[in-house]
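Look at the two complexes coming up: chain A is in both, with chain B in one and chain C in the other.
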Partner chain A sequence: MDWILLAELSANGVFVGLMYALVSLGIVLIYKTSGIANLAQGAVAMTGGYVAWALGARAGLPIWLAVPAALAGMFVFGLLMERLALRRMIGQPIIMTIMLTLGVEIMLRGLLPGIFGASVKRLDIGIPQDPLFLGDLLINRATLIGGSISLALIVLSLLFFNSRFGVVMRAVADDQTASWSVGIRVERAVGVAWGLSAVAATAAGVLWGSNQGVDWSLSLLLIKALAIAILGGLDSIPGVLVAGVIVGVAESLATGVLDPLVGGGSRDVVAAVIILVTLLLKPHGLFGRHHIERV
Partner chain B sequence: MFYRRAGIRHTRYQDERQLFPLRFDRGLILVVLALLLAAPFLFDRLYVSGYLLPWLIWTSAALGLNLLMGWAGQIHLGYGAVMGIGAYGSVHLVRFGVPLEIAMIVGGLLSAGIGTVFGAAALRMKGIYLAMATLAMQYVVDFVISHSSAISGGTLATLQVPPVRFLGIPLAGEVPTYYLALAVCFVVTLFMLNVRRTSFGRALAALREKDYAAQILGISTFRYKLLAFWVSSFIGGAVGAVLAVTYLRAISPDQFHIELSIQILAMIIVGGLGSVLGPFFGTALILFAPILLNNLLGFGANAFGVEMPIDLRAHLPLVAYGALVIGFLLYEPLGLAKIYANFRNYLLVWPFRHAQR
Partner chain C sequence: MSMDRRSFIAAGSAGLVAPFAGPAQVFAQEKIVRFTLAQDFTRIYTFVTSEYSQGQRDYFTLINDRGGVGGYKIVADVTDHANDLPRAIEAYERGKREGAVLVDPLSTPVARALVPRALEDKVNMITAYSGRSDAADGSTFPYVLPLSINYWTQAGLIIEHFKKVEKGSLKGKKIVFVHIDTPFGKEPLPILNVLAKKEGYELAVFPYTPPGNDQSAIWPQVRRARPDFVIFWGAGVGQTVALTEALRNGLPMDRVSSSVWLSESDMDVVGREQAKGVMKVEPCVGGREPKVIKDIVAEVVGKGKGAGPENKVGTAYYNYGVQMATLMVEGVRKAAEKAPNGPVTGPWLNEGLRSISNFTAEGLLPSTTITKDDHQGGGMGRIARWDGAKFVPISDWFSANQDVVWEEIRKNSEEFKKSGK
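Up next is the complex of A and B:
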């Protein structure tokens, strides 16, 4: 086996994994605060990509203005999603909330390509696409920059949890009733978590969109994000970072090593296998708390 | 009004336990059954093979999933894969010359076996973890089917179904295939109606409500969850075989992707979780709403000159699914079956509304 190839695949996998991790950051944020697995996260990322593209190409905003505007708009979108749909489901069985997020996923996946057209949209945020050579290693510059931005955003969200509002969110994540009793507005914290997760998804959508173009396939990020969230433990943000790197590297190695053996497409199944193996061996993930009810 | 309870007095336990105590219900069901039996001679063959046949098949599948989700309360996001296993298993057997009757059952057993193996991992968890595990199962099964050419059938990745006979009758043309689908749907419906009255069905209901409480009552939760997975996967596999033989005729891996799982999920959510009648309504709505909407839009475009962008029209089915699922979950979580039950309850006591229970 060619060691240079393996090193190259791993190095690129790290950055791709970090870009996946940005999507799953939103899943973890929502799960921490409200205990809901948001299956619409991939579609929200896609929506973010479409909104940024529409603001840039359709409304004619310069890209440095369009992306922040999309982030702000999607924050409101996340708030609205929680307020209008998910909050009404409090107290319903978990099947209902999962199905509701799945319903949102389906609808967004139809609505946005329907409105803006199904063809792939080019979203240029000024990341150069030409490859970078580090010694013998060929690094994809777009994923390098994208991964670095994701890393910065995830670290930023870690720091955010030390701020005053972050402490509030941690309290809500820990025990909703207790935080209610000390005067924390739990609904607001949950709403902001949804908003922030939509922002994270949008950032991921924009980064991936600039990489591979904006179309419905951005919503396929969901399964990778879920694999990262499960492997990281569903309620741990450092877990997202580590698991993101693991998933990215595993996927990249599978593409390079397994694909010639099975004839392509092993990229998509790696995430599913990681989910299954994690659930079999260590259901609370690498960094999750041991609170899964086992039957 | 129509559903008259007056004059119905049960003097034997059997009477009270019967499936449909009201005479009107029995009559209604007989009428519907007669209509379905006579459908190939009453309606145009395009309607029979294009609308009624898929409706029956998808309803049977939705009933199977409803056993797991509505009765046992376990979420399953990979039902399409389960159906795919059954379809591929039975079509391969048929191609080897095994009679369809046996191939269907073996396909069902294969689905039940594989579905339970994947389920067993997930059965120790619940809620969202189960959802993730079944979702992962969908992707893994898809991958295995489409990447092993021995299963998916060579380079073109389609598998032709050879001409088959069922109980000696060749399944050619739309009339025999329609009757096969009707028979399977009838059997599954009968099973689902009766399973509620068995200890198995009651154990599942107890499990759904609270598994600790069920365990305290002496119901082995693990065993019954596994059984629920097994039975539901068996139905899924057998229905998958019927789907392949009667409707698709040539199967390819992309027919059993996550879209099929989501479609069937949407059917039981819209129809009503835990109801037998629900999947019939839900399937009709989910299958025909996009067609209806499309025709309506076409009509609108012709009559008023309102032209829809082609992309929007192509994506309308997805939007309609999503909107239906969201709408029903928010406004009528028990689905169309509950709407029908409300209507029926209203008529039961009409005009004495205060007597409503």
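Up next is the complex of A and C:
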């Protein structure tokens, strides 16, 4: 057994998992406030990556300006998505609303490559490619930095939920009718959740885009994000953190340990197995509240 | 690349409008040869197809503007099959109905699915850098024509180059093969395994899940295997991620090689400077120096008739497209030489394509001879190295390990004869 390799894969898995968790964060934010599982989150991450690339490469903005501009633009995109599409679904069966998000996913996945072209785009946010050695152990610099940024953003969102507006959003999540009755603007809180969710997705899209290039395949982050959100609990931000690390490490170790035995392909099975097992054994996830309905 | 998409839409629209426009009447009186270029513009091969198709269309424009070849003009119907088998089959059948005598799907799964139809209908199917490697056996696959080095030959060329670097022996060396986990990615394995026994190197294989956007758990294993050489085999995002991860794991680029599927566009994503040193197989000359590319620049692109962005002219995949177009047109010329008055049918063009001899398209490709037995064209290619700005050849045109390659070709084509698979 190559212990150094296992340590490398585990460390790498932690950081990759945190990067996945950033996509899940958006799913949780929306679920917490409006009770909807947003199946467009992967495509929104892809859109964020494309927007950041377009602002940098096409509009000529320096990357330190292009990324915040993309985050701001995508916040508005999230608000509009809620206002123009989702709000119209109030009163409709929940399954129709979820199907609508799936429709948005499919539309964005075709639209963005259609507008910007299907080739992989380079999104350089200044992370060096050189290997980083700690003794014999190699740490992937891109995932180290990406995972650290993701961790910081997830912690920030935890702090946000303890702020004044965060408390308002929690109230909305607990009981929308009661929130209305005490004068809370529920629609605004839900809209902001969609905006923040798009910001989290964009941050993830930029980090993953800088890691692999920007193209349609960024939308595949949805599967990992769903696995993490389901495992952690659809309404739990700390759950996203823990589940992200579990999924990342499990995938990474599966590639290193199982692939040589089964001939490859075990990495993507991990997410599917996690979704299935969690739903069968602990439908509310590790940290989710028990009243979560199956959706 | 948005221009590519626009040009594709423009080309498609032009195709729809063409029957009602003035030039159609001119074409009606002219002798034409119709090709169906249904390819994947929108799903998997995307920008590869855009550049490849742009090269093909620019070359056909050049030939048609010069009056055609052998008295015939080329009509190329460009459509998108999106790597989707029902759409590809529909496009094939439509092309056949409209009199197409050649199809070029540029997709391994599509080409594999169309083999029985092409053989039965006697429609020439071009499978350059895609499809079945055993289609090099023209006696079994008379209407399936790779017209270029297949994946087995490419693997053979890479191993031969590594051997040269190691001064003639790979005994005791370790070669790692990282590939996308699809039939296309696995294609070179039989040859690499046979050559491992023959040359005495150790082969370690690492498949990654398609499309290959996260390979971060693969490459630490590659590095820790301490390879002497690495071959990576994929397409699209899988290639750029593979190369980026190789860099992040500190693997020396001058010991890393890929197939023909590596281009300037990939280098743009990885970083032109960082990727310096990586090698690939080159099936034709890159850049704008070849005479035929210069002619296209002067007579097609320079006159505003180009099929896509000017900055793609001379890129690797653009030149592959031109390479294939020159071979198709040479096939028409040969066919017209043999039977000037046609009739233009699949067998008519097949005779021409299978009598191409010592053809280089004025220096664009290695000497290529297609015979009724050898549809690969002789198996010549070369190794090129990325220098930060372009791929520079580091070998002459050569063929290698063709005994091993042809043994595999015959073994597989025999199997096809027996089982149809």
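Just so we're on the same page, the second predicted complex is superposed on the first by the 291 of 295 C-alpha atoms of A that agree within 3 Å, B and C clash if a C-alpha of one lies under 4 Å from a C-alpha of the other, contacts with A are read in each partner's own complex, and residues count from 1 in each chain.
As a convention for this text, a contact is a pair of C-beta atoms (placed from the backbone, for glycine too) under 8 Å apart; a residue touches a chain by one contact, two chains touch by 3 or more.
As the structure is a prediction and not an experimental result, all values here were calculated from the model.
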Inset, instruction - Quick one: classify A:G256 as touching chain B (first), chain C (second), both or neither. - result: second
Inset, instruction - May I ask you to decide whether A:I115 touches chain B, chain C, both, or neither, giving the answer as first, second, both or neither? - result: both
Inset, instruction - May I ask you to decide whether A:R83 touches chain B, chain C, both, or neither, giving the answer as first, second, both or neither? - result: neither
Inset, instruction - Report for A:V16: first if it touches chain B alone, second if chain C alone, otherwise both or neither. - result: second
Inset, instruction - Considering only touches as defined above, state whether A:A37 meets chain B (first), chain C (second), both or neither. - result: first
Inset, instruction - Based on the superposed arrangement, let me know which partner A:R188 touches: chain B (first), chain C (second), both, or neither? - result: neither
Inset, instruction - Look at A:D268 in the shared chain and tell me whether it touches chain B only, chain C only, both, or neither; answer first, second, both or neither. - result: both
Inset, instruction - Figure out whether A:R170 sits in contact with chain B (first) or chain C (second), or with both, or with neither. - result: neither
Legend entry - chain C-contacting residues of chain A that also contact chain B: 110, 113-118, 263, 265, 268
Legend entry - For the chain C and chain A complex, residues of the former touching the latter: 1-5, 41-42, 46-47, 50, 181, 206-209, 211, 213-214, 216-218, 220-221, 223-224, 236-237, 240-241, 244-245, 247-250, 265-266, 268-271, 274
Legend entry - Of all residues in chain A, those that touch chain C in their complex: 2, 4-5, 8-9, 12-13, 16, 110, 113-122, 124, 129-131, 138, 140-143, 208, 211-213, 215, 217-218, 220, 251-253, 255-256, 259, 263-265, 267-268
Inset, instruction - In the complex, go through chain A and note every residue touching chain B. - result: 31, 37, 39, 85, 88-89, 92-96, 98-100, 102-111, 113-118, 223, 226-227, 230, 262-263, 265-266, 268-269, 271-273, 275-276, 279-280, 283, 292-295
Inset, instruction - Provide the residue numbers of chain B that touch chain A in the complex, in ascending order. - result: 69, 73, 75, 77, 118, 121-129, 131-133, 135-140, 143, 146-147, 211, 221-222, 225, 262, 265-266, 269, 273, 309, 311-326, 329-330, 333
